[in-house]
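First up is the structure itself, then whatever we jot down about it.
For reference, chains read A, B, C and D in written order, and residue numbers begin at 1 within each chain.
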Amino acid sequence: EPMSQRKADHVRIAAEEAAADRSAGAFAALRLDHRALPELDLDEVDPSCEFLGHRLSFPFMMASMTGGADGQLRRINRNLAAAARRERVAMAVGSQRVMFSDPQARAAFDLRPLAPEVPLIANLGAVQLRQGMGIEECRAAVDVLAADGLYLHLNPLQEAVQREGTPTFGGLASRIGAVAEALDRPVLVKEVGAGLHPDDLRALIPAGVRYFDAAGAGGTSWSYVESRRGDDAERRARAAAFADWGVPAPQALRRLSPLRSEGATLIGSGGIRSGVDIARAMILGASLGSAARPLLAPAMESEDAVCAVIRRYREEFRLALFLLGCRRPEYLIGQEQWI
Amino acid sequence: EPMSQRKADHVRIAAEEAAADRSAGAFAALRLDHRALPELDLDEVDPSCEFLGHRLSFPFMMASMTGGADGQLRRINRNLAAAARRERVAMAVGSQRVMFSDPQARAAFDLRPLAPEVPLIANLGAVQLRQGMGIEECRAAVDVLAADGLYLHLNPLQEAVQREGTPTFGGLASRIGAVAEALDRPVLVKEVGAGLHPDDLRALIPAGVRYFDAAGAGGTSWSYVESRRGDDAERRARAAAFADWGVPAPQALRRLSPLRSEGATLIGSGGIRSGVDIARAMILGASLGSAARPLLAPAMESEDAVCAVIRRYREEFRLALFLLGCRRPEYLIGQEQWI
Amino acid sequence: EPMSQRKADHVRIAAEEAAADRSAGAFAALRLDHRALPELDLDEVDPSCEFLGHRLSFPFMMASMTGGADGQLRRINRNLAAAARRERVAMAVGSQRVMFSDPQARAAFDLRPLAPEVPLIANLGAVQLRQGMGIEECRAAVDVLAADGLYLHLNPLQEAVQREGTPTFGGLASRIGAVAEALDRPVLVKEVGAGLHPDDLRALIPAGVRYFDAAGAGGTSWSYVESRRGDDAERRARAAAFADWGVPAPQALRRLSPLRSEGATLIGSGGIRSGVDIARAMILGASLGSAARPLLAPAMESEDAVCAVIRRYREEFRLALFLLGCRRPEYLIGQEQWI
Amino acid sequence: EPMSQRKADHVRIAAEEAAADRSAGAFAALRLDHRALPELDLDEVDPSCEFLGHRLSFPFMMASMTGGADGQLRRINRNLAAAARRERVAMAVGSQRVMFSDPQARAAFDLRPLAPEVPLIANLGAVQLRQGMGIEECRAAVDVLAADGLYLHLNPLQEAVQREGTPTFGGLASRIGAVAEALDRPVLVKEVGAGLHPDDLRALIPAGVRYFDAAGAGGTSWSYVESRRGDDAERRARAAAFADWGVPAPQALRRLSPLRSEGATLIGSGGIRSGVDIARAMILGASLGSAARPLLAPAMESEDAVCAVIRRYREEFRLALFLLGCRRPEYLIGQEQWI
C-alpha cells in the first residue's frame, strides 16, 4: 500500500466518519467564571498574540493534517494556507516524510508564498529519527516550507496499530534533543491524540525543547481511524480496542501546566471545537489552542469555508475574553480559578 | 429593526420556545432538611416580609420583563401590576429605555395606580450609562413608575450577541456608583441570566450599591433567544454557542452569600420554578426569590392567570417553611446546613 | 368525604400506581462487604431477634397501613395479622383514629386473637394530640389490639397537602412526652416517608421516647398519593410538587445512628424492598426493617401471598447475614464499614 | 439431578446468556497513564513471566470452568489445554469433585499430555473439606492433572442459592490450612465472582496460603446463572436477588493489594475482557489476570478459536505495556499512580 493511499484513507475516514471524533465534550463541560461587570468594552478586547515571531489575530493554530502530491491533499493544504494568511493564524502541515520518497510531494509543501506572514510549522514523525531520518531531513522539511519551527510528533499508539507502523521509540529523547540543538528553528513536540505526559516533558526540556502540544484524547482518534481501514480483521479489532486510550485533553493540559515554570510553552489540542474551548485550554495552561478535524471538511471544500470556521472561533474567543473581563489572551494562561 | 419589534420577538420566543428555559432543575436537585416535628402549626407560619418599605405576602418579585407602547407589551405589564397588587408581591418592569425614544411608551410605565402598595422597581440597562444616558434618565425612569428602586441590569453577553447591542462595559462601576449616590431611591444591580460574580459586588458595594440580583444561569437564556431570531446565520450561531454560558444560579448565590456581611442584600433568580425553589435560594443567601419566564405566558393571558402562579408559589413556599420548622422567611437566609 | 372513603382511595392508589413508590433503589445502590470465608455454616445463622418482648423469626415489621370497618380494609389487616403469626414478624396497624368516630371500626382492630405471640403495634397520628385526642384515646388504641406499643406518627407534609389535614404541629413534643410517660407500653415515633431529623429525636429522647422509625423518602410517597385524588386541581398540583420531598431513607438512618448511644432504638423504613435492604438498614443503624407497600397488594389477596413475601425477605436476609459472616442480626447494627 | 446435568446447564447458560456477564466495564472505566515518549521499542517489550515454575507468554490464566466425562465438557477442556500449550498460558480446570463419584470423569482430567509445559491447576470446592473430602482427594485431584497447584474455591453465595448446595463454611480456614501444609504443591484460594475480602486473606496467610484470586463481581454471575435454571420459582427469585452481590473486581483487588507485603501473590479475575484489563488488574496489585466466560464459547468451538482470543489479549497487553513505557509486566504490579 503506497503512503499516499494511506493518507487518502486517513483523510477520508477522519472527514466522513463522525465517530472518528471521540470528543465527549470534555472541554465544553468546564463552566467558565462569567463577569457581569467586565469593566471593559468589547472593542478593547484584543485577542491577538505573538507566536514564533509573527502576530496572530488570536491564539489559534490549524493542526497538522496532511501533505502530498495527490490532488486532494494539495488542495487541502493550499486552502488551509490561504486561510491562515487571510485570518492570520498559525498553520502546521502534516507529516512531510512523503517528500523523501516521492520527489513530486516536495512541491506540495511549498506553501510559504501562500502564507508569507504567519507561522508555518513543519512536521515529521519523531520515530523516523530511529528509521534513518536525521538532521538533514529535518532541515529539508523546514526549508521547503520556510517554516518557523518543526513539529516532531510522538505517536506510539498509532505506530503500534498501523500496519505500516514502526513502533521504535527507544532512545528518542536524545535524538529529539540532538535535532533541537542542531536546528536553527525551534522544535515543537506533540502527541496526536493520546496526550503528553509530564514525564515526557521532564525528559525533553533538559534536551532543549520548549514547545509542547498536549494533543490529548477526546478529539480525533487515530486508533479509531485505523480500525476502519485495511482488511486484517485482527489488526482492526486491536486498533478498535484502543479507540479511547489516552489522557483526556483538559486533564493532560492541567497536569502539564506546572511545567511552564520550567520553561515549557504549551499548546492545547484534542477536541477543541469552539473559540470558548480555546479559552478553556488557555485557562488550563496553554498559550495557544489548535484543532485539526473541524477544518478538514472545510479544507476539502474551499478557502472560504476554512475562513468561516476560523472567524467563528475568533469571535467566540473574543467574546469569552470579554465576558471574563480579560483584555488580552495572555491573561488567561493558567488561571485555573476561573473554572 | 425598531426596538419594539425586537421586544416583541423576545417576548414571543421566550414565551413559546421551551428550550429558552435552560433550567436543568439545578435548584430542584437540592434536597432540603425535613423536620418531622416542626413544633409549629402551619397557621403560625407567616411568609410575609418587608421589602423596600412595603410588606410582601411572601419574598417574591416578578422579574423585569418588558414594557412599551405596543398593545401586547402594555397588557403584559398591566396584568403583572394588577396581580402584584392582589397578591402583594414586588414587581420589576422591563427596560425603560424605550420611553426615551418613543414618548408613547412613557405612559405604558404608569403602573403605580394599578399597584399602589407594593414595591415597583424601575429598570434600565447599566450599559446605557456609556451610551448617553445619565442621572436624568434614571430619575425619569423612577418617576414615571413612582418606583421604590431602580434596577440597573448588567448584560454583557446579551449586548455582545445582540445585533443592536452596545457591549461597552468599561468604567461602568463608577458610573453606577454615581447614579447610586445621586438617586434618592436604592439602586439594585442584576444580571439577566449569567450570574453576578463576587468581584462584581466587591466593585459595587464601595460605590454604594446594596441590592444584588444574582440572576444566574439555568433559567431563561438570552443567548438562546438571540439565536432564534434575525437572519444573520453567523450571529445566530455565535449566540447559540453561548446558550449555556454563565454560572448556575444556585452556585452564583452560594458564592455571593459571604458578601451579605459586607452589606449586600441578595435576590435569587435564574430558573426559580416553584415556591420551594424560593426557599432554596434563600437558604443559599437570598432575601427574595424572583422569576420571569414562568409569568410571561400567564401575563399574556390575564391577571388571574398570573395570580394563580403566584398563589401556587406562595403555598409551596409556606409549606416548605413549615416543613423546615421555620416560622418566618428570614430564618432561612444563609442556612446552608439545611441542604 | 368520609374517612373510610379517603382510606379506600389511599389504599387503591398506593396499591395500583407504581409511581406511588418513589424508590430509586437508594438502599439497593449500597454494596455490602462480601466475605468469601464467612467461617460459619448457613444453618448456624440465626436471624431471629427480640422485639418488644416477643421473638421474631427475623428483624422485620409490617408497617402501618390501614384499619377500618370496611370489608376490604378488614381483610387486609386480617391477612397481615395471620401472616405475622405464621411467619413470626411484628405488625403495626394503620391509624386507629377511625375507631373514635365509627364504633364499628373498633372491632376491626381486634387482631390479637389472630396473632397472639407477635408484637402488635397500635397507631395514631401524633397531631391528633392537638385535635382533642389524649391519653384516653391512646390507651383505647393500645387496648383494642392488646398492643405491645403505640406508634405515634408524624406526618406534617401529609397533613399539609391533604384536604382534611390539620397541620398543627406546635407543642407536640411535650404532648408526645406526656403520652410516653402515662402509657404503660412504649411509645414509638415514626414519620410516614419524609424521614425523622436528628433534632426530632433530640426533642423526644428527653421526653421519654426510645423507639424511632426513620421512615425516610424513597418508598411510598404520600404527596404523590394525595396528588392523585380529589378534584381540587390546585391542591393536587401542590401535593405533586412535594412528591419527592424529604430525606432519603438510607441517609436519614445514617444520621440518626449516633443517637443510639443516647438510648434510641431505630427502625428503618421507606423503600425497603428486599431482605438485603433490611440488612442494609441495620448496617446504617436500625434494629429492625419495615415495609408497607410491598405487602399491600398481597394483603388484598390472601394470607398466603403475604407469607410468601415475608419468607422471601427472610431468606434474603439470612443469606446476607451468612455472606457477611454474621451469625446473628444484632451484629449488623451500625457496622457502617461494611458498606 | 445428576452433577453432569448441572454442569451442562451451567455451561449452556453461561455461554449463551449475555446477561450472565454482569461486566459493567468496571475495569474498562479506568484510564491508564499514556506515555507519548515510552523510550523503548515495541519489540523490546517482553510480556512473558514466570508462574509456578513455568514461563508464560504473558501473565494470563484461563480460569476454572469445567471438567467431566460428558462429551462436550471433555471437548472444552481439551481445547483449552491445547490452546494453553500453543499460546503458553496457564490453565485451571473446573471443579474435579465429579471424579470422585464418576470414575469415568477421572480420565477427563488427564490433560497434562496435551499441555506439558504450562502451569495446570487443579480445582476443588473448599467447602467439600466439610463434606467428607480430605487431603487424599486433594492429592488425587492434583495427581490426575500432574498439576502445579490446587485451587480451592470459596463460593458461599453459590452454595447458598444452588439447589444442591452445601453452605457449610464453618472452620474452613483451618481445613484449608491443613491441606496447604500437607500438599506438596501450592494451594491457591479463589472466589468465583463475589470477591475475596482482606480479612479472608488475613485468615489464610498464617495458615500457609500464598496465592489468591480475587475473583470479584462484574464478570460471570453465578447467582444469575442459578436464577435461570430449575423449576423452583422461589429459589430462582432468591438467586436473582443476589445477581449483583459482591465487591466489584477492581475494588476487590485494590484493597487486597497491601497484603502483598505480607506474602500474598494476587490474581485478578471477574470481568477481565481484554489485554488492557489485565494491565489494569496488575496495576491494582495482581501478578496475573484470568478470565473464564470469554473463553467458553470459543472452547466449545475449537482450539483455534481459543487461541485467537488469547492472542488478542496478549497483543493488547503488549501494547498497553509499551504505551505505559514498561518493558516487563512485573513493573506494572501495584503502580496505582498510573490510573
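Heads up, the rule we're going with is that a contact is a pair of C-beta atoms (placed from the backbone, for glycine too) under 8 Å apart; a residue touches a chain by one contact, two chains touch by 3 or more.
Since the model is a prediction, treat every value here as computed from it, not as a measurement.
S.K.: Keeping to the contact definition above, tell me which chains border both chain B and chain C.
M.R.: Intersection of chain B and chain C contact lists gives nothing.
S.K.: Is the contact between copies chain A and chain B built from the same residues on both sides or from different ones, judged by whether over half of the numbers are shared?
M.R.: Different-residue interface.
S.K.: Mind checking the rotation angle between the two copies, chain C and chain D? C-alpha superposition, nearest 5 degrees is fine.
M.R.: So the angle, rounded to a multiple of 5, is 90 degrees.
S.K.: In whole angstrom, how far does the Cα centroid of chain A sit from the Cα centroid of chain D?
M.R.: Here chain A and chain D have centroids separated by 45 Å.
S.K.: Taking each chain's centre as the mean position of its Cα atoms, how many Å separate chain A from chain C?
M.R.: A distance of 63 Å separates the two centres.
S.K.: Counting only residues that touch at least 2 other chains, which ones in chain D make the list?
M.R.: none
S.K.: If each chain is a node and each touching pair an edge, is that a line, ring, star, complete or other?
M.R.: ring
S.K.: Under the touch definition given earlier, write down the residues of chain D that touch chain C in their complex.
M.R.: Touching chain C from chain D are residues 130, 154-157, 159-161, 167-173, 189, 191, 194-197, 199-200, 203-204, 217, 234, 237-238, 241-242, 245-248.
S.K.: Quick check on the complex: what are the chain D residues that touch chain A?
M.R.: My answer: residues 31-44, 274-276, 308, 311-312, 315-316, 319, 322-323.
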